[in-house]
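Residue numbering begins at 1 within each chain, and the chains themselves are lettered A, B, C and D in the order written.
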């Protein structure tokens, strides 16, 4: 059965027709207004009509950046889009006017599910997906099932606390994992190094004409790949926090695979190797248990579309 | 169908016939030698014969304090019993000589499962069990399923790290949750207070004739219940660590219920209220999501028997 | 002997004639440009001329917000004023044209010295001054001597690290004391509470029409004084960090008096009592040693003038 | 003037005649009973008589492992010797029967003072001494003066808190620096690694026939010197904690020299290099200030004798 997956971002939606092997057969995208929930509904209906012209569609999956209700029909809360207890499946259903099932999923869950079904996790049964981008998102697969939690809010991995009295987080708490294991953390650490360790930061600062505020994640990655010792150290530190946090998750869930996705994954081995090393050193009962693999995500930006479509089918 | 549940401790095994409602119909117990795995096998066979005389038994569940293989036939490693990759189900099967299915489960998982099926969690679908005894054990239920992990080692909740560079743990790591949220932590903190805050500890010290090393958990609980401010503070601190750690687990799993069992649970509200308060304050996205209940376990010491029997049936 | 004390701020200088009892006999103030070091020199010369008309002046003390050279003639670095290895004493001396000795001191040291000589510390020999304002500054008196350090940079108390991997600090490091024990910390914590604990923060939010970004320190203090539980808790938490950090300093220096000055001191007992309690609980070897008093500063904004004048005399 | 320095240990006292250049001209030692304070007095009198036969003695300095009164006449408290508010100078004076001045000093202060006057610190004015042995002791010199504090209890550097909720300390608190920067910390970390990282610990375990409890500090140092990567890492970690803690002290005191003494100093560059690197990275306002040297102590076990004698003279 073919399904449509829709990845709803703040300013645009991307959608595609996805077959049962996770292949995208057709794709489209539309601009939207984050402050106008009904405009998003209409945009989804529009892409549905466009994509369903040439394909028979059995289900529609919507990947939304927010807290999704456990019955997968509504978005209860979203930080960046004007959804508050919003019955998006019903609204889109009215606009579409067919009885094809419409299912909402959290976007990170959708992407993680795609990775699990069709990507690097396709042979795994228990998997932790970590999406290391601006923040730290994720998805959890336990016994081949996506963990949604009682109220659909599971896998907010970035808000596991890793340092008491640690860095402030936008969520109002301190010491959240995402403040240590994300692209934002990398950038802040690089800028802090420019102040506290100007000599070591000289190369990075050269790249931004001395303006520390212009340092960003891709720049640090690039500098690391060209051999800059401080940038290599910063990525290793980021990898260390990923690995150590993942070891805490492993104490709870005993996964066989930990997948690192998101923009920071572009750093490749400079990130993954330190993550693996830290994971091994921090894993409880190491030596008395098999050890999970840590691998980079195999799918790209379309993972949300693919996962939403696949989850809608099942 | 009736099943036998066997709870295997270091020095004795307790067993019972359990019906489908979780009732124990008959019960027995035998002494064993932790250093002699085959003597444990024989003891299990013995209780099986005794209990199966009067009941028709459809399954046998063994609750073992160790790492259980994911196919539920063997104990891969146990800290206190001489099991190393030990095929206990097969060994016991040979001794019993029938083809009744024999299934091994981790003992904390078994106890948690009993609580989930027949205790305070019987109406829940997603639950975190915390067994706060000498250490901190637990069980995790996700979507009505017990989480065993890929290799059977899930729910080692006590080894989630909560303080980087924190207290040493017997597992060789630092900052494990169980070093902050267990009876041992309570006792160590009480003894430390006797040194660092002798005035506030005067009442506790009186109870042990000034010998700080004689302070134990039940004593602190008793003193707290009789109004001793330091003991109340120590239990509240323990509750705080339980609640804050549980909030980290909730970031991952979004449970609807957190159950506090184990000996320290005897402190009741002196422990649970601070745990609830800390949980609420530390919960990510509070106010945008429902909040899990935190309750004391309803079942007693037989939970392991009941849970092992029930898991063997399914 | 009378001396002139000059407190040099970013946008204005305040100066006064100070007698040997620490009394200000005459006072004046002038606006300045932080980006123009020589304009500051001229302004100092101007206030000198004005104040020295009616008094015989034996010394001039300059209190500067920066790193002062150990020979007390220059400012080596200042975060907010255009001084880099700037021989301010010589420059001002040329403009004044007399041979009255001119001495530079760090402004926090000057204020602490005034408190030591004429304020709450006048009977003490070993004192720690903590100036809890936007940041956390301070001064250290050991054996009746101001501790300047080998290169004049001592008493940067706010940058003692209290939490590894803790809050980012503007200095480029993590976990500096001033990120936990300052007015800025209070404000950030209040704003974070508005996000993470909206119910408890309702009163504070009412005071700012729901705009969490408008919460400031005096508001929290006012709310606490009128009984708001969250504000009381926030000040107590701030006091706790002050007390615990001070206990670490006491491990090194064994002071008899810890003085809390700066704007946050306005909270009075709401701040000082928790600080005292935390100090006592965290003090090493408590019970085997006398315990330092913790008191509010007695002098006001003129402390810098008074201290600079007095230090210049000696 | 010649002076006698006496270093009083739990089971023996060592004493010597010291000239004004810090040279020991004659030396002796006697066994004592830690539980019998008066036997210690008599032993001191005995060594005094022996050493004063051939030298004219102008002063006697006693180095005591305890809290010394600020008038330097008594020991107020000692963890390992039966002194409680004990007027040791008067008692010894009665036994000696002359009016040569007798002065008590804390033993770590005495050793640090010797290093300052005659050792690696002889050209310094502001120095931090760290004695890294079983515990972490120290001495602080500010402006050429030994810092004794208001009540004689200064320089308990090992009890500065470096990790909130960190390792338990024998003092009853958590997270004391000495739990991270001492020989005991090194040994505990090595034993923990033997559990958590058995593969990397294989070489260390070989050296103790697999008995992790037999691992000690000199063994780790020896293994590190022969190239064992884990041992090198453990010493580097220890050095890191020394350096980072020292940077916190430097925020307060701005020393020009940090001296590492004690048994662990035998590790040499394997310890000192990581300490220097960590110090530099953690130093506040690095780049805007000169940076203290970190060097190994130059004097050996006689430092206590030499320092006590020299302090008694002044």
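Criterion: a residue touches a chain if its C-beta (ideal position, glycine included) is under 8 Å from a C-beta of that chain, and two chains touch if they have at least 3 such contacts.
As the structure is a computational prediction, the values presented were derived from the model and not from experiment.
Undergrad: According to the touch definition, list the chains common to the neighbour sets of subunit A and subunit C.
TA: Where subunit A and subunit C share a partner, that partner set is B, D.
Undergrad: What chain is the most remote from subunit C, judged by the mean position of CA atoms in each chain?
TA: B
Undergrad: Pick out whichever of the two, C-D or B-C, is joined by more C-beta pairs in contact.
TA: Most contacts of the two pairs: C-D.
Undergrad: Using mean CA coordinates as chain centres, what's the subunit B-subunit C distance in Å?
TA: 52
Undergrad: Counting only Cα atoms for the centres, state how far subunit B is from subunit D in Å.
TA: Roughly 45 Å separates the two chain centres.
Undergrad: Please work out the Cα centroid separation of subunit C and subunit D, and write it as a whole number of Å.
TA: 33
Undergrad: Can you tell me which residues of subunit A touch two or more of the remaining chains?
TA: Residues 163-165, 171, 173, 196-197 of subunit A touch two or more partner chains.
Undergrad: Which residues of subunit A touch subunit D once you look at their complex with the stated criterion?
TA: Going by the criterion above, the answer is residues 164-165, 196-199, 281, 286-287.
Undergrad: List the residues on subunit C that touch subunit D in their complex, please.
TA: Going through subunit C, the ones touching subunit D are 67, 76-77, 124-126, 140, 142-143, 145, 147-164, 171, 173, 176, 244, 247-249, 251-256, 282, 284-285, 288-290, 292.
Undergrad: Okay, in this complex, where on subunit C does subunit A touch?
TA: These residues of subunit C touch subunit A: 163, 165-168, 170-174, 180, 188, 192-197.
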